[in-house]
Amino acid sequence: MTDTTGALPHPDFTLPVRGDAYRRADADTLAGFDTITSATACAKLHGMGITRSWVDGPVPLSPGQRVVGSAITLQFMPQREDLASGLGQEYVERHTALWAVLEQVQPGDVLVIQAYGSRFSGCIGDILARYFLRKGGAGIVVDGRIRDAARIRQLGLPVWSTGTTPHYASQTELFPWAYDVPVAVGGALCMPGDVVIADDDGPVIVPQAMSNDVIDAARDHEEWETFSRRRLDEGARLGDYYPLTPDTREEFEAWRSAQAFAL
Amino acid sequence: MTDTTGALPHPDFTLPVRGDAYRRADADTLAGFDTITSATACAKLHGMGITRSWVDGPVPLSPGQRVVGSAITLQFMPQREDLASGLGQEYVERHTALWAVLEQVQPGDVLVIQAYGSRFSGCIGDILARYFLRKGGAGIVVDGRIRDAARIRQLGLPVWSTGTTPHYASQTELFPWAYDVPVAVGGALCMPGDVVIADDDGPVIVPQAMSNDVIDAARDHEEWETFSRRRLDEGARLGDYYPLTPDTREEFEAWRSAQAFAL
Amino acid sequence: MTDTTGALPHPDFTLPVRGDAYRRADADTLAGFDTITSATACAKLHGMGITRSWVDGPVPLSPGQRVVGSAITLQFMPQREDLASGLGQEYVERHTALWAVLEQVQPGDVLVIQAYGSRFSGCIGDILARYFLRKGGAGIVVDGRIRDAARIRQLGLPVWSTGTTPHYASQTELFPWAYDVPVAVGGALCMPGDVVIADDDGPVIVPQAMSNDVIDAARDHEEWETFSRRRLDEGARLGDYYPLTPDTREEFEAWRSAQAFAL
Amino acid sequence: MTDTTGALPHPDFTLPVRGDAYRRADADTLAGFDTITSATACAKLHGMGITRSWVDGPVPLSPGQRVVGSAITLQFMPQREDLASGLGQEYVERHTALWAVLEQVQPGDVLVIQAYGSRFSGCIGDILARYFLRKGGAGIVVDGRIRDAARIRQLGLPVWSTGTTPHYASQTELFPWAYDVPVAVGGALCMPGDVVIADDDGPVIVPQAMSNDVIDAARDHEEWETFSRRRLDEGARLGDYYPLTPDTREEFEAWRSAQAFAL
Amino acid sequence: MTDTTGALPHPDFTLPVRGDAYRRADADTLAGFDTITSATACAKLHGMGITRSWVDGPVPLSPGQRVVGSAITLQFMPQREDLASGLGQEYVERHTALWAVLEQVQPGDVLVIQAYGSRFSGCIGDILARYFLRKGGAGIVVDGRIRDAARIRQLGLPVWSTGTTPHYASQTELFPWAYDVPVAVGGALCMPGDVVIADDDGPVIVPQAMSNDVIDAARDHEEWETFSRRRLDEGARLGDYYPLTPDTREEFEAWRSAQAFAL
Amino acid sequence: MTDTTGALPHPDFTLPVRGDAYRRADADTLAGFDTITSATACAKLHGMGITRSWVDGPVPLSPGQRVVGSAITLQFMPQREDLASGLGQEYVERHTALWAVLEQVQPGDVLVIQAYGSRFSGCIGDILARYFLRKGGAGIVVDGRIRDAARIRQLGLPVWSTGTTPHYASQTELFPWAYDVPVAVGGALCMPGDVVIADDDGPVIVPQAMSNDVIDAARDHEEWETFSRRRLDEGARLGDYYPLTPDTREEFEAWRSAQAFAL
């Protein structure tokens, strides 16, 4: 086997790559998404012109789990042995972007991982998940797989992934490459600091600068849906109350005012 | 943007399309399928020459759910903005086949939706599911996705789908086009009024006119399987009791008569 | 095997289904698309708000082939033996929508076939292709496979399909069901009478009522691209001439006038 | 229909095919894997040069199930009607490799089935599963589907499969061909007598002759991970304890000795 | 890295595996398929009850190529390093089933290779193809990929494969395991000695014992199709001549007799 | 529609992103790959420990085309309308990484594009291809699609892609994001300045720092293969000359010396 020492094409190239500084979504914003489902956020973003907010692929590890948080990002790249030795990877990993990003975790963070939907890479295992949770991490969205699924389920950490595998992160085709960078996950772009909402319908990325507009639009939406559910349960016709017509919008607004007054 | 008013190629073409009148499967027939699994129905149909009765793709939202009902159908088509405006779709939807079919629901109906296994269309959300349930709808089989999965699970409505997405029905690539028409779902043809049986093995379509023959064949099948399970549990050899040989068929028939006599 | 005579759920249901009358795209319109590529038509439709005009899947049987024509449609459905006997299908086919649609072919027609991308159905074979060609058919777009590919290639008939198979149309999972109906092909909706343009980039469906607008927009586009190609070949910078800036648009228009004057 | 009697190309060819005799993994070895996860076994095998130990595809029928056992194998092949009549298959099955392998089951066996990930073949149903369980079978791994999923779940038999279908084993495209032969499952090779470990991360095949080496390596691994989890929970830095550095390895070994002493 | 010497679970297990002796299809039979297309053979087999004769996946390397021959078979299995060292595989290959089967090639043989459609295994390269050709090999059908495609095309050897890759046969996930054994290719079963017909529609496997019946049925079919083509070219109606009705069957038979008389 | 002006989460974030400076592969190195196929380079890299050098997915636009060059890179990301307006994209494109990278092209460059295998993005059209060619560009490898395929084929520019589409680069789901950055293409990592070899077997990435070692190893390989072909054509046994045994290696070396002497 050829000695590959010094095989880097750019002698000054060093891993891991770290992206630019960014601002996390603030706690008030995150709190504002408290009762908003990923479906409502996605519909409102669509109305505002954002058509690819859904992360297509990852599903919840446990049905019913839900998370809202500020995105912290990790990007895998195809593994190349001249850049990261194929032997002893498990021990090399500690110097990678995977270890580095875990040291950056702050309470409320959702870790969003670009792994190309790889079936062969268990991007997160139970010890990393445990460490993430201890740092206050709120949840993980990985466009790829996880390992140690049974133990992670026991930890109660909400995780969305494309499946499970016994492989560790860099056992096969990928390598943790960069963090704090924009990532491509399931057809959506996620910038560090974006708001992530995930539930049984999957994860949705809300651009940070649009998050308050989404909250406002969604709150109104959830309110009239509550009203509509009630009317429909009373026997009303679907077309009259879902969505609201101009007439039933008026009716709803009267009802909402009355509700507020009642409080 | 070009004004697309009047862009319909056929000025007299109107949506939604509605199929011909049909007869629902009657209550006695549905009751006859009470204890018949989708696996047994599918095997018996195969024996009668029907080789594509299984709807390949949709899986249960909650493990263990089961439904038998008469098919009511909805067909999506690729969305085209000259026929249904791309803007404000959520509000246009109320005039579509999706809203129309929900007004047709009668107790015991199973809604069967042709959506080409689309990953991007959440054909049914919680308010529609709730309305369907209130009308007496028994279950939904969609060759596509649903949204608001957490809330639909809480409703307890049995749903078979190819997954979840936060998108609403016409948010992306499809549009509700026709109802009360034959539909192609997961490689099977479903006519309005066919019997739908769905459980953890997936949905099976029983042609209405063959449903009583299937019930008869399945009843016999489930009876000798009960007998076989008992004998096998007692230590008998698989090849002697599953399936029955001419000898053990005789033994079974004697057993069955004795059972009936005992009652 | 159970006798399936009279097994139709709707005694009055008859195959094949035929859609409503429609108007073909006229010859002048088709001539207007003479030099317009599918790529240009697709981009112009996108600019007009039509986002799903491309038929994703079918590729040309022979590189370099091209067709423009008026759509004539055929729709397959999953085969069900109670509606169309599984035995002797080859002989039953003559009473199906496949035979019926071929009798409707007029010069300039492009046959567009909905077959769900089926790998197992050879929707068109060489004798049908030959008959189609003799009637003046211009080309075939099938979201499914063909058989007798070598002979069809020799006929010189332009065909776009998802591949080849030795199976005949109803040998396996599908059955020719309806014609002269809207069809869903590769994620696009095609109405009978729409304009179909297909080349090495694939087929594009132009809604009939929008076809003249597309011709106008495309003609301008192809003209300025001709101009841009010339300038770029002379060494101009890409950003200045592709697409045109306000300045180079002016330059182009002067050039175009000069060209016209020269003629 | 042509008479296909005597259609075998090799008059002396008989089904089912049975492989050579083999030695099961012994009970001590199986006991040694008691606390070892599929993830740890897979990582240790990787370190020993075995890169394809994971069976990619099959997922647990019930979350949380786990099994360790000695592999007993079954191989399906594409069904061909001249070798196994297409009519009356359900009754022909009793003379196939599927029935034959079930008679070979011994306590602790894991049945590993090569079925090419077929969506259309329900390789195991509830009566076969029940029989398997009664013989002491420990679990089933099938690179294909199962039927009667609800009943099998009730039996409590751990099963890994690629999904469910109402079809029985030989209803459609496959036929049980051989047993006690090497099988290809989800990209891994399994020899009869290999050790199978399966949990929520999926099944892993441990070559029998390497099983004791894997146990030794895994035991050390699980021990230092226990130590690391403790230190990380106490606030240590990830890079210092996962994996162990030379320094923390020493600390671990002191801790381990102390633990042993304490016992 | 652990020493894996002696790691075989069965000390007496030796590679490559060789199947039982078989009889090749004779030259007269192969000659009988001279003008029969894979499409006609497949349709006739379907009529005789064989429903899976098509090898789904492999496509011709060069459009228009065609072959008829007697099947000689090769089976890959997932590569496992304890059975075949992962290092130096290129040199180990010479002791595998791949080298062994090439020594068995006789004039007129078609090599049929089971490789699970692997994207990563270039089962045949130009030197092996050249050797095969020199031995009189007629063509190759591989349910997997080839390498050195440009050179193999120049050799003029007809090859059907699922694509190309620069990898050699055992570079990645598979290993040549057995020869002269039944193989599963693209959903079809191929026994050594079966007749293989392949053209632009793909490869078809004709069970050896049925080959003369297929020739007879196909010959009649090709004759009446010739007649039908002629009548249709003269302007006849499709439904009258394709397929033949009882009346036109009579007309055809008269025409055929007249033709024969004319010779 | 909400005003999305100023919607960027990082006010100082600007597109396109440009990677660090790098050194192109020099002309002598590129010349050294003159007669080396992608298959030989890939095998030699595998022997040196690089296991993922093949770009899985892109196929040649025209059979027989071949290129060797120095990689220049472009990376797409999912399109997000707050960062790049969804309306008027065609005109926005000129300020993107796609236009920027084309201005960087130098003679001998191969443009390598990360586009996630997107079916909907025609990353390169004929005007861009023409501009690239005029700048001396040698070829294009895109893990995605192209448009204007017919015209690009006429230009004679060698292109490897995953297919064609009439869509332009940013018409649908992707947006040109960065250039001169490491890219992930078809499971391989490509650094700017790496050597790209592509032919009918697909593209292979040779790390720049390893390129001379690959040339040396490949040259020896191609020489002994020439010798082996000759011997095999003369009737030698495959196992003796492919690959060489120690004995035939000696014979080869004698032959090679004689050859050199003859020159």
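Annotations
The first chain written gets the first letter, and so on, giving A, B, C, D, E and F; residue counts start at 1 in each chain.
We take it that a contact is a pair of C-beta atoms (placed from the backbone, for glycine too) under 8 Å apart; a residue touches a chain by one contact, two chains touch by 3 or more.
From a predicted model like this one, the values you see are computed outputs, not experimental measurements.
Looking at subunit C and subunit D, the chains in contact with each of them are B, E. Among the remaining chains, those touching subunit B and also subunit E are C, D.
The interface of E-F is repeated, with over half of its contact pairs matching by residue number, by A-B among B-C, A-B or D-E.
Comparing the contact residues of subunit B and subunit D by number shows a mostly separate set, under half of all numbers used being common to the two copies. Distance from the subunit A centre to the subunit F centre is 32 Å, each centre being the mean of its Cα atoms. The distance from the centre of subunit A to the centre of subunit E, with each centre set as the mean of the Cα atoms, comes to 48 Å.
Multi-chain contact residues of subunit B (touching two or more other chains) are listed as 47, 51. Here the chains touching each other pair up as A-B, A-D, A-F, B-C, B-D, C-E, C-F, D-E, E-F. Contact residues on subunit A toward subunit D in their complex (touch as defined above): 90-91, 93-95, 99, 102-103, 119-120, 122, 125, 127-128, 130-131, 134, 147-150, 153, 163-168, 171-172.
Those residues of subunit C that touch subunit B in the complex are listed here as 1-2, 4, 6-10, 13, 20, 22-23, 47-52, 77-83, 86, 116, 173, 177, 182, 184, 187-189, 191, 193-194, 207-210, 213.
The residues of subunit C lying in touch with subunit F in their complex are 37-39, 41-43, 46-47, 51, 53-54, 56, 59, 63-64, 66, 199-202, 204, 225, 228-229, 232-233, 237-239, 242-243.
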